[in-house]
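In the part that follows, the structures are each spelled out as structure tokens.
Next come two complexes built around chain A: one with chain B, the other with chain C.
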Partner chain A sequence: MTMDTVITGLGTVSPAGLGVEAYWEALVEGRTLIAPIPDFDTEGFHVHLGGKVPGFDPYDHIEGRFVVQTDAFTRFALVAAEEALRDSGVDTSVDPYATGALICSGAGGVEFGQREIEALWSEGPDRVGPYQSIAWFYAASTGQVSIRNGLKGMCGVLVTDEPGMLDALGQSARTLRRGTSSMLVGGAEAPIGSPFSLACQVGSEVLSPGVDPTTAYVPFTEGATGHVPAEGAAVALVERADVARERGARIRAVVAGQASTFGGVGVFDPGGEGLLWAARQAMERAGVSPEEVDVVFADAVGLPKADADEVATIRRLFPKGVAVTAPKTGFGRAYAGAGALDVAAAVLSLEHRIIPPTPHVLDAPFGLDLVVRVPRPARPRTALVLSRGMGGANSAVVLKHPEHA
Partner chain B sequence: MRREAVVTGIGVVAPGAVGTTAFWDMLTAGRTATRAVTLFDPAGFRSRIAAEVDFDPAAHGLDAEQVARMDRYVQFTAVALAEALADSGTPLEGFSPWRLGVSMGTAVGGTTLLEKEYVTMSRSGADWVVDPSSASPHLYRALTPSMLSGEVAELVGARGPVQTVSTGCTSGLDAVGYAAQAIEDDLADVVVTGAAESPISPIAMACFDAIKATSDSNDDPEHASRPFDRHRNGFVMGEGAAVLVLEEASAAKRRGADIRCRVAGFANHGNAFHMTGLRREGTEMARAITTALDRARRSAEDVDYVNAHGSGTVQNDRHETDAVKRALGAHARRVPMSSIKSMVGHSLGAIGSIELAACVLAMDTGVVPPTANLTTPDPECDLDHVPLTAREQRNDVVLSVGSGFGGFQSAVVLDRGV
Partner chain C sequence: MSQRNITIEELVELVSICAGVRTDVATASTSTFEELGVDSLGVLGIIAEIERRVGRKLGPDAELVPSPTALIAFVAEGDVVTADGV
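Up next is the complex of A and B:
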């Protein structure tokens, strides 16, 4: 089963700033975008570093009426969605039912929520504001993206941690196959702006306790002690290939295949087999052999067992070797935003024909052709994106350069 | 050959009734499970009533470790799942785990547990910078409700596509719609689906208080949920879970399964209007109904019963009445359309699946459940809303409709196959 889904628009809000251009520049440079979490005193959390979106004033980008009723994760989604829609050139006013939205989130509007829940418990139930009911829940971003852009097509929300975006690409393909023309598909997360949200993550013992931004998140190395959390969003406008071709759209990438598996309850595919199955099925659905895959965007969790599992998976998939990269080590893992930002990085890599490096990992580990230190001008045509979630879900997507699809 | 998804088993944990038999007895008797809140002290709240599940996890076979690990809504799910699996008789042993999927819905997931932990960590809201040293190690699982599907997957041994759908109050319809798509598109042969919610907590009640969406008939809780009635004043919060076992139709036939119905059509649309407001005309909900019927290859006249969203807010009831008129035309006046939220309340993300379970039972038993408390119909809700008493009739094609915050409008069509 080959998918007939293409990406014709892309938008990102990342620790590199606003926009796809800023994101790609930072990736190619391998820039360090990890920094101390600035919003509160992290003493006691044993997690001090994060990847924050710099200098983001929502009022510069979003109408005030949307700003007051949204959490940061939704604001990121709104800005990234606007960029993706503009980039695609899709005019949603022609047929509002032709375009849908599916924005994933794992943490929801937890910063907004902490303020309201604080009001409730410190002052009383009548102090909870009218927007709590629409800002906190996981569906807030899809709803607001639909409303702000006039999208009446199929709308959805998936909560599968990091793989959310990859699963959403699969779900959107199923939706497009049933008649919808296009969808804004993405992941958005703002999990480090509030002490309560960070507190929810620290018990899992997957976050790095490091204080040096250049050594805190170094997967596949002996120094790996977890990963650095981040915030951000990436949104793609995915479109039925026939619709895109008919309107003469610029096709940025082809979503050739996707598959999801479950690896058991526990963090990051505890059985170690689920990711392999997801990748194999995604490649099979894309009709792609291992030799045709030019680059793997690794999940790169930064925990010894999960890293070893992933290296083993990649070696089993590609016995003859394959270039591997994990640009997220420069800015951190943004939960549902992580898979989304990885997909965006893969699309840009195919487009620019350059594989961005894995920042802060100085040497490729034994047995893995990891792109380190400098970008590799390898002219990749087919990319495999891998993702595992804290809840046990795995997902893989195969993306192709449109000229080679 | 076109692959189709059929329902072979259901399980329900609902207010007033754990198990499908008790659930259906209650609905067909027109009994309500709405009452004063007991799960926390609601003093100082505007709405102090809810439809609660009387639930003893140990009595339903959950062990101490499961009870400690699972949030209340997940416990509901585990119990509903056991019933659905037994009902279905699906032989999961020997079945490839990679062909077994899970698609569960929830709107607010672990919010109740998050709040409980927050209160401790913040010293009842005194500290903005909470003390993480007192955090539960399982707190991430409350923050991100993908664990709902994970727990189900673990209980049934699923290794295929496992996802949690969270489109607010349409989650319970959308999760089942996605599950059917996964079977139709050959991603899985069996998908365990459904939805769960346990939102009766201070923060969830307070946020609906703030927008006056919930009923404040605190003195008369058993009559508080009054969809389509002139004296309605908002929805009554509920909780619960329902699980449905979906199988690929031809395989289900081969194993001689008791096929209850087909998940024949599904569609959802955003209204692109307002997070909580609805345009009276109901154009987008009507469109979802029409698309779902088209996908089922059914016409409006085929519909025997409409399970309404019927939340009991003025705007929802009128919006939905107009949407159904728009989608079904003259047939809208002939088809019974009732709301079980009058009895089990509105359990946010869970209710869509609980309502689908009721639809399956309506087809099984040839009974349409009533709309309880509908004594003085709103003149603007002038369809056949089946007031007070259940009605016997054959149900071959059933439509269930949902509407939620975010502007989402969903429709699912169940039928006996074509």
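Up next is the complex of A and C:
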């Protein structure tokens, strides 16, 4: 199954700030965006660092009526979706039924929920606001993005860890083939804004206990002790290639192939078999050989076993070697937002002809051409993005530069 | 001691706090909640806050009132009143 889906709009809210430009600038610099979690005392959590979106006042970007009824993860989705839509130039008012939305979430609106539960316990059930009924919900971002932009096309939500965005790209390709003209697809997450949010994650034992932002999240190294959680969102406007061409849109990247597998419950795909299968299938669907892939955006969990499995997978896929990067080590893993931010990074890498480095990892491990320390000028035409979720899901997507699709 | 009624000025404030919609007395007096952009959950939140201020429950019919002026009348009369469609 070859795909005829193209990305014509991109929006991000990340620890680098608002907008794709700020995100790309930080990636190329390999900037450290990891810092102590600022909003509450993390003593007792065994997790102290995070990648936080800096200085985000929702009232600067979103109408008050949306602010009062949304959790932070939905606000990030709204802002990223607005950028993606503007970037694409699609006028959704022409036919509201022609555009859909699919925004992934792994944690939902826990921060909003904590506030309402505090009200419940301190003042009683009458103090729980009615918007609790919708704000915590995983589908809240899809719903609010649809409402705010007047979209009436197909909508959905994938409740996932990191692979969500990659899966969403695959799903949207099928939706577009059935007649929808365009879709806003993305992932949004706000998992470090409240003690309850963080408490929901510490049991997973995959988060780094480190307190030094430059050494806490260093996958593929002997110092790997897990990853740093982050918040943020990325949204892409995808549309059918023929629709995009007809309206003269700027095509930012072609979504050439995608595949998903499931590797096992409660673990990151032991052995890497599931990830390997997903990657091979995505490449086959895209019609690209290993020699044609110029860069791999690695999952980079930061746990020794998972890292070793991923290195083995990449070596089996590319026996002759391939450039590999994991820019997320500069700011952390934003769960469902992480895959989305990786897809955005891959699109920008193809566009700018630069492979951003893997911050904080100082040397490439044996047998892996990891881009470290400085960005690598290149002419990547095809990128492979790999992703695993802690629930065992794997996903891979092949993105192509439009001139080489 | 609880107050007995609410004023349009108070309601303008509650519309902002509970539903995130900024309005003024003149607009609120002549608009429905829908016209103001206050959705049904927003109305529920406003009613809950009024119930706290007046110290009594307004009952399930309260959420059926279509507009700020009708809600003020409802708090005063305990009945759904609609005047001139507002």
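As a working rule, the second predicted complex is superposed on the first by the 404 of 405 C-alpha atoms of A that agree within 3 Å, B and C clash if a C-alpha of one lies under 4 Å from a C-alpha of the other, contacts with A are read in each partner's own complex, and residues count from 1 in each chain.
Throughout what follows, contacts are C-beta pairs under 8 Å (C-beta built on N, C-alpha and C of every residue); 3 or more make two chains touch, one makes a residue touch a chain.
All values reported here derive from a predicted model rather than from experimental measurement.
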(request) Return first, second, both or neither, reflecting whether A:Thr325 touches chain B, chain C, both chains, or no partner chain. (result) neither
(message) According to the stated criteria, A:Thr5 is in contact with first (chain B), second (chain C), both, or neither; which is it?
(response) neither
(message) By residue count, which of the two partners contacts chain A more extensively, chain B or chain C?
(response) B
(message) Output check: A:Ser172 vs chain B and chain C. Expected answer is one of first, second, both, neither. What do you get?
(response) neither
(request) Kindly classify A:Gly44 by the partners it touches after superposition: chain B alone (first), chain C alone (second), both, or neither? (result) first
(message) If we overlay the two complexes on their shared chain A, which of chain B and chain C does A:Thr382 touch? Say first, second, both or neither.
(response) neither
(message) Under the stated touch criterion, which partner chain does A:Ser208 make contact with: chain B (first), chain C (second), both, or neither?
(response) neither
(request) Return first, second, both or neither, reflecting whether A:Gly129 touches chain B, chain C, both chains, or no partner chain. (result) both
(request) Check the residue A:Val67 against both partner chains and state whether it touches chain B (first), chain C (second), both, or neither. (result) second
(request) Give one of first, second, both or neither to describe whether A:Ser349 is in contact with chain B, with chain C, with both, or with none. (result) neither
(request) Would you mind listing the overlap between the chain B footprint and the chain C footprint on chain A? (result) 69, 126, 129-130, 133-134
(request) Name, in rising order, each residue of chain C that touches chain A in their complex. (result) 16, 18-22, 37-39, 41-42, 44-45, 48, 51-52
(message) Can you tell me which positions in chain A touch chain C when the two form their complex?
(response) 63-69, 126, 129-131, 133-134
(message) Quick check on the complex: what are the chain B residues that touch chain A?
(response) 44-46, 98, 102, 107-109, 111, 114-115, 117-119, 121-122, 124-126, 128-133, 135-147, 149-151, 153-154, 158-168, 174, 178, 181-182, 185-187, 202-203, 205-211, 213, 267-276, 284, 287, 291, 295, 404-408
(message) Can you tell me which positions in chain A touch chain B when the two form their complex?
(response) 1, 40-41, 44-46, 69, 96-97, 100-101, 106-108, 110, 113-114, 116-126, 128-130, 132-134, 136-140, 142-144, 146-147, 149-161, 167, 170-171, 174, 177-179, 195-205, 259-265, 274, 277, 335, 389-393
